[in-house]
Amino acid sequence: MRTFIEHYGFLIVLFPVLGAFINGIFGRQIQNKYGEKPIGYVASLTVFFSFIISVIAFSVIARDPQPSALICHVYNWLNVNFVRADVSFLFDPLSAVMILIVTGVGFLIHIYSIGYMKGDPGYYRFFAYLNLFIFSMLILVLAENMLLMFIGWEGVGLCSYLLIGFWYSKKENAIAGNKAFIVNRVGDFGFLLGILTLFWSLYNQIAANDRLAEFSNGTLSLLSFPFLAENIHLLKGVNLFGIPEYTGISVITAICLFLFLGATGKSAQIPLHVWLPDAMAGPTPVSALIHAATMVTAGIYMIGRLHFLFSMSSVALGIIAAVGALTALFAATIGCAQNDIKRVLAYSTISQLGYMFLGMGVAAYSAGIFHLMTHAFFKACLFLGAGSVLIALHHENDIRWMGGLKRYMPRTFLTFLIATLTISGIPPFSGFFSKDEILWKAWSSDHGHPILWFMGFVAAGMTAFYMTRLLLMTFFGENRRDQRPRDAGGGHGDQHSGSHDIRESPASMTVPLVILAFFAIIAGFIGIPEALGGSNRFSHFLGPVFGSHVEVQHHDPLEYILMAASVFIALFGIVSGVLFYSIKPGLPAKIVSRIKITYDVVYNKYYVDEIYDFVFVSGTKVIIIILAAFDQYVIDGIVNLTGFLLRCKSRISGSFDLRFVDGAVNFIADTTLSTGAGMRKIQTGKIQAYIMFLFFGMVVFVLYKIIF
Amino acid sequence: MSEFIQNHILTLITFIPLIGGFFILFLPKDKHDVIRWSSLVITVVPFLLALILFAGFDRSVYGFTHSNGIQFIEEYTWIRAYNIHYFMGIDGISMPMIFLTALICPLCVLASWGINRGVKGYFFLFLLLETGMMGVFTALDFFLFFVFWEVMLLPMYFLIGIWGGPRKEYAAIKFFLYTLVGSVMMLLVMIYFYLTSDPHTFDMTKLAEINSVFDYRTILWFALFINFAIKIPVFPFHTWLPDAHVEAPTAISVILAGVLLKMGAYGILRINYAVLPDVSYNMSMFMAIFGMINIIYGALTAMAQKDLKKLVAYSSISHMGFVLLGIASFTNEGINGAILQMFNHGVITAMLFLLVGVIYDRAHHREIDGFGGIASVVPNYAFVSFLAFFGALGLPGLNSFISEVLVFIGAFKKYRVITAISASGIIITASYCLWTLQRIFLGKLNEKYKLLPDMNIRETISLLPLALLVVILGVYPHPVLNLMKSTVKYVNNIFLNMNL
Amino acid sequence: MLTNTESLKYFFSEGFLSFFFLFLLIVSFLKRDLFTNSSFVYLLGISGVIITLILELTLATAGQGHTQLLFYGMLRNDYFAHLFKLLLVFSSLFLLVFSFISKETNRKFLNSLEYVLLILASTLGMMLLASSVNLLMMYLSLEFLSLTAYLLTGFSHRDERSSEAAIKYLLYGAVASGAMLYGLSLLYGMAGSLDYFAIQEYFAQNNVSGVIAYISVILILAGAGFKIAAFPFHSWCPDVYEGAPTPFTAFLSVGSKSAGFALIVRFFYQIFIEKGGGDILVPIGGVDWSLLLAIISAFTMTLGNLAALQQENIKRLLAYSGIAHAGYILMAVASQTLFGVSSVFLYLVIYFLMNFGAFLVVIIIANEFNTELIEDYEGLVWKNARGAFLASMFTIYLLSLTGIPPLAGFIGKVYLFLSVFEKGSSLYWLAVVAVINMVISLYYYVRVIKVMFLLKGKEGVALSAMDRSQYIQYSIMAGLSFLTIIFGIYWVPLDTLSKLAANFLN
Amino acid sequence: MDIININSYMIISLMLFLFGLFTTITRRNIIGIILGIELILNSAALNFAAFSKFSASNLEGQLFSIFIIVIAAAEAAIALALMLSIFMRHGDINADKLDRLRG
């Protein structure tokens, strides 16, 4: 079976791109001739095929986990001197898990989108982009070397740009797409610098102990992950600029921070998180697939893939953990104050990503990946639930005007309830296990620290609070549709008064919801920690990738206390949510009025967007205007400058004929022309002046000779 | 017959357009279509020859100096008294450029179907221009190289001057003066080389072998560098480019950006590096800094432009900055990346200018803000423009990414800070590309262009090969990379064992 | 040193010319009516000059290698003299042909016979000047040429500018040749002899304190500089060129300028040079005339180009361009090398082609529109086939004057730079100045092209179509432009000729 | 050394030359200019004659001065002829008026 994967592993990647090609090029004809059905089926089938092969690959790896990864080499993409990159795919437990998530959740979302996008003119375009996204994500996940990963990395950025700006007729969507791509591009800049520093410092070290000969046969590649894994130790003592006595940042930390900058760009952490909330402008399945399950997790996967690099620099890990924890807390606070259903989920994604980074930061890589998997399931379920709510209420997404949907949409409500409980971290559900493991590792692991645990702990409480608020305001209480003031923002589409016509979404949308909810429940059981008697099969499964340093078996009593504390904080969040939003509906308004200023600050996302706009966007605008003017007037337009000066001089003197201004090229040409005009003045036409000039010339030459 | 073609291929490639041009002069003046079709056929012939050249090119030969073996050599004594030879040959550096020129010229003829004033003169001058360009890339005798270098100037002046936009005279004379200032400096250097080389020779490859004999080396190097910098164009000398581009007709600005800018970089590799290697090595920091300035400055000024064509012109300045950075890196990867970037940029700028031409033929103006949301009205045009603009910003998977990565990797070895700053250029490039796309294609549909016709067959044919190249070279760059690898390896070795 | 009677054998081309001149003079007194029809008179003149040309050619080819001093050391018929004579006779032939073509001289002139006679006389003067190796002979032939030129300038008496130009030309010329005369007398005083070779021996034996020699050289330069319109002595040039009838202006800019250069080269390379080993030339006489000529050349070039930038009148523009080209040629003279001498001759031949071509176009346009202003050339190429032909020919000449490669002007410039560089590093600055001037010159040459090509013609100014009768004009035009292009690509014949001209020193 | 030697001749011819130059430049009348030119030519003739006697001890110098006289006459003739045509047109022969050709 291993040879099967080695030969046909690339099919996983090939199918989605085939689907994208068919839908992209022939989509319009198919849609006009045969309607929307075949397009949806083509797209979903291709993803399903790659899902099947992923399952085969997963089973192959799960059955005999050899240490060496399984590589499916397709062709040599780039081979210039020492820069060598092949298009080849790496199958090991980590990538197996990831391709399962990507293709599995992807397939479910494809099914869901068939229903969701019904009637949209750009139907074929949507599925083409979706397939293209799956293709890029699979490349990112299966890439065997950094450059190929970079292609996947930017490929998903492109697809998110296309999908966010899918309904491009509205200006805001297009701008949101732009914002997403440019912020990602900032991250990619960091990623690129990481690759460059890694490449050259590794090259110098290898050249130092003259192992360059190995590269002569042209098979080894400096940037491929297996090679990096073995030779990263060479970089241990090296500092950034390779100058021995310069003691500053070690090159490992520099590389990790650059790569982490790339990760924050992609996974929307603190400095570069601004694009994710705006990305909600895209269709909901897009948000579910890209901005919840797969793309945003790319950063975590990258750190997981390069764990050997990151674990060598405790400084970098500390920063990652701190940023993760901070983002979790920061996003959670904003989440509580948002009224748009999708924005709440967006901020909750940012905060959950913060958890994953926290996990990675404390070197609990398997815990991070475990939370990534469970988060993919319940967050996708939440988004799809929100999607079906939006469809039912004709694209009304402001939760203040919803309520009481429990009666009309039982299945959506049920799955939404399960997912909310999972995310809040209630024990039987998978959310509890993965989040708790991270929190435990945040405290216990040698890179961890109690403050990190405490920040995670508070964020967990807030998560429970805002999720319950969301659940209650949408599904419980009575319907507040008619209280909607005429001009309230958000929610376009016709105003249906009354609530009688809200119907449950069709089967094609609710079935994926149920499956996802089911996974949200059972996913936790494969990672039950030893403390609770489970064998934590998930971290053992990932053992070979992250080095199976089996934790010491002692059951520290502290673990149980922390577990109890996290359950307590979850319940406290839910209870306070219920208290605020169902028992005493007036209470939140009163509290808000008392802490008006802080509420406004939190509601407006700490004005981060406004600051970025002011500093960067209008800043660059000013710079480019100055530069363009500089280019036109100073360098090129010395013409206009001197032309202007000469014109006013000529108006004053009136004797010069200055028609030459339009023909002059630049300052030098200008002076030559004016001296030319001067020359003409000497030619006065008087014969005696000429004769004087003749003798004057001769006298000058004679004097020159006598003097020198 | 094929044997004749085999050993006269370079002369044929260079002079068929000229002979065709004279043939066109005798066609009847008013039969525009006959003229257009015959000139198309005339430009397709060199393309076929270029394909033969591409097939027959031996990728393993070093080239660059006489002893290493230049390919497809044609050497006849031209003026015995002064040892001037009609010496033509190609190696890894010139082969991609010849292929690019042979590819772009037929597309430009296709794009100039709209010219209807003095059609005969236009196509004659265009074919003369093609001969000049081919000659520059094939000539290996400095005298012949200089003759072709100036022959190329003449038609450009008339093409911009007669068929250009409103300020065409100013742009044309500016172009002519800037380039002439450069080429007169090269004339002095050429004569100095001739007189100080002991068996008085103009042959560039032989000059490369006896390069230690000249004194005043730095002055010579700067004279040559300024000439080629004006052509690239490098920062302080670039002001002719936006004017020339905005005023030139579409097909001419395609040629101008697609091929003429590459001659500067080609010249630096062919003469500066060959004859004055030690000075070039010392000046690498100087060139790298200017490369960086070009990238950042070009990108920022592009962002501020209101006119689409000027924007593309400034983007060319920014992309050529990569070429200069790559050349200045003196690493195998860097120089390979630079030459690949020359090829890729040629393809992408040609596409961008053709697209500008398409929209200009329909809307008769180029104000970026004048359009809006036309993607729904012209889907094919939108798709190709997105492909071109994403190619321009160096999206991985398309061709520019490979050359940009190679340049970055190459340049990072010696100039870490400069490369880091240049790498920030990709952010600025991404922002102005997307901002332009958003203002033209996305957002609310501008009522004026509700019934804008999509691309017709002629335009599609002229854009198709370029679009395919952008994608294919992104996924599989070997066809072009293999051409230059061995020559660049040799060039790199010169500097390695110069133990500086 | 041949006696007068023996040297007549080598003198029959000038002899025939003077005989023909006298014969015509006498016949004109007897039968005035024969010469009323000016076209016939021009054809007569042309045939006379052609015969002289043929005779000169036979003399040049026959006289293989044995150069003598004729008339007791007055003239020297070496290859330098023969080649320059051929060039000068050709230029007077073109002058006659152009006068035949141009309406200004063909229709309006009453006494075209005197015009032709004066032209023959000036040709004789030039031929003598090219071969004279004696101070007296040099002065006499120079004055002979100048006096006839003063009269020819003032010939179109109906146009008041022409007589003003003539009087200016005369007064300026007289003063300049007076100064030269004074210089010659000082030189004679020092060396004690009028013969070039004797003076050279004098300077070779005893080194003279430079000041007196230097002053005499500068004074002599006044006369020679006046002839080629070099820097301090150029003031007459624009006014005379504008005033004189256009064919004669063409002749002045090519013929008399080449004669002036023959004089300068002969004077400096015969007297102030000692023949070192091989072709090394050692300057003697304590006068660093290479630096002097280099400075004059730099000033001449720069002044010529700068002043030409904003000319409105095409003849004045070509005048200043002529001054600039004189500056370029002086560069080669200043290089003090044999190769420099051959470059001078080569450049003069190429300059001959370019300038006569340009003036032919000016004459034809003057015939059509009766104008010399550049803006009247507007949109010439778009008028009709004839306009397109004229405009493209004019472009070839103008671009060749700038020195754009595929044309002969570029080869001329390359030769000049080669000669300057051969002098070694002392003249590099001059090459840089020349290069900058090339760029400046591009501007005003291309301004004319811009007017012709890039601007749309004024309506209502029609150009008569190409008709059969003007076939002479077009064949000459086509011939000149063909040569300008061919010599730009394959100029070996020119090179051998110029090498020949240079070995007059041995 | 007799009193009148070569130096005195040279001084006189130099004086003559300078006077000639002075008159050419200052006189407004064309005839005045022509006179000035004649003076310059005569100074050269004097010089030649003197050198022929003193330093060259051959007759070439005097031969030269005779030719100078011939040339001076020719020049004067032509100058006067041209001046006549100027006079007929302008009515006067003021050198400063002749500035129609300039620039």
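Should a chain be cited, it is by its letter among A, B, C and D, assigned in written order, with residues numbered from 1 in that chain.
Simple rule for what comes next: a contact is a pair of C-beta atoms (placed from the backbone, for glycine too) under 8 Å apart; a residue touches a chain by one contact, two chains touch by 3 or more.
All figures in this text were calculated on a predicted structure; none of them were measured in a lab.
Using the contact threshold fixed earlier, the set of chains in contact with both chain A and chain B is C.
C-beta contact counts were set side by side for A-C and A-D; A-C has more.
Of all chains present, the one whose mean CA position sits nearest the global mean of protein CA atoms is B. With each centre defined as the average position of its C-alpha atoms, the distance from chain A to chain C rounds to 78 Å.
With centres set at the average Cα position, the gap from chain A to chain D is 96 Å.
Averaged C-alpha coordinates put the centre of chain B at 66 Å from the centre of chain D.
Chain C and chain D have Cα centroids separated by 27 Å.
Of all residues in chain A, those touching 2 or more other chains are 663, 669, 680, 683, 685, 687, 691, 695, listed in ascending order.
Within chain C, contacts with two or more other chains are made by residues 167-168, 171, 175, 179, 238-239, 443, 447.
Chain contacts: chain B has residues 169, 173, 177 touching two or more partner chains. The chain pairs satisfying the stated touch condition come to A-B, A-C, A-D, B-C, C-D. Put simply, chain B touches chain C in their complex at residues 78-81, 118, 146-147, 149-151, 153-154, 157-158, 161-162, 168-169, 172-173, 176-177, 180-181, 184-185, 187-188, 191-192, 194-195. Residues 28, 75-83, 147, 150-151, 153-155, 158, 161, 165, 168-171, 173-175, 177-178, 181-182, 185-186, 188-189, 192-193, 196-197, 199-200, 203, 241, 620, 623-625, 627-628, 631, 635-636, 662-663, 665-666, 669 of chain A are the ones that touch chain B when the two sit in their complex.
Residue ranges of chain C in contact with chain D, taken from their complex: 135-136, 139-140, 143, 147, 150-151, 154, 157, 160-161, 163-168, 170-171, 174-175, 178-179, 181-182, 184-186, 188-190, 192-194, 238-239, 242-243, 311, 316. Those residues of chain C that touch chain A in the shared complex are 167-168, 171-172, 175-176, 179, 210-211, 214-215, 218-219, 222, 226, 231-233, 235-236, 238-239, 292, 295, 303, 306-310, 440, 443, 447. Residue ranges on chain A touching chain D, taken from their complex, read 680, 683-688, 691-692, 695.
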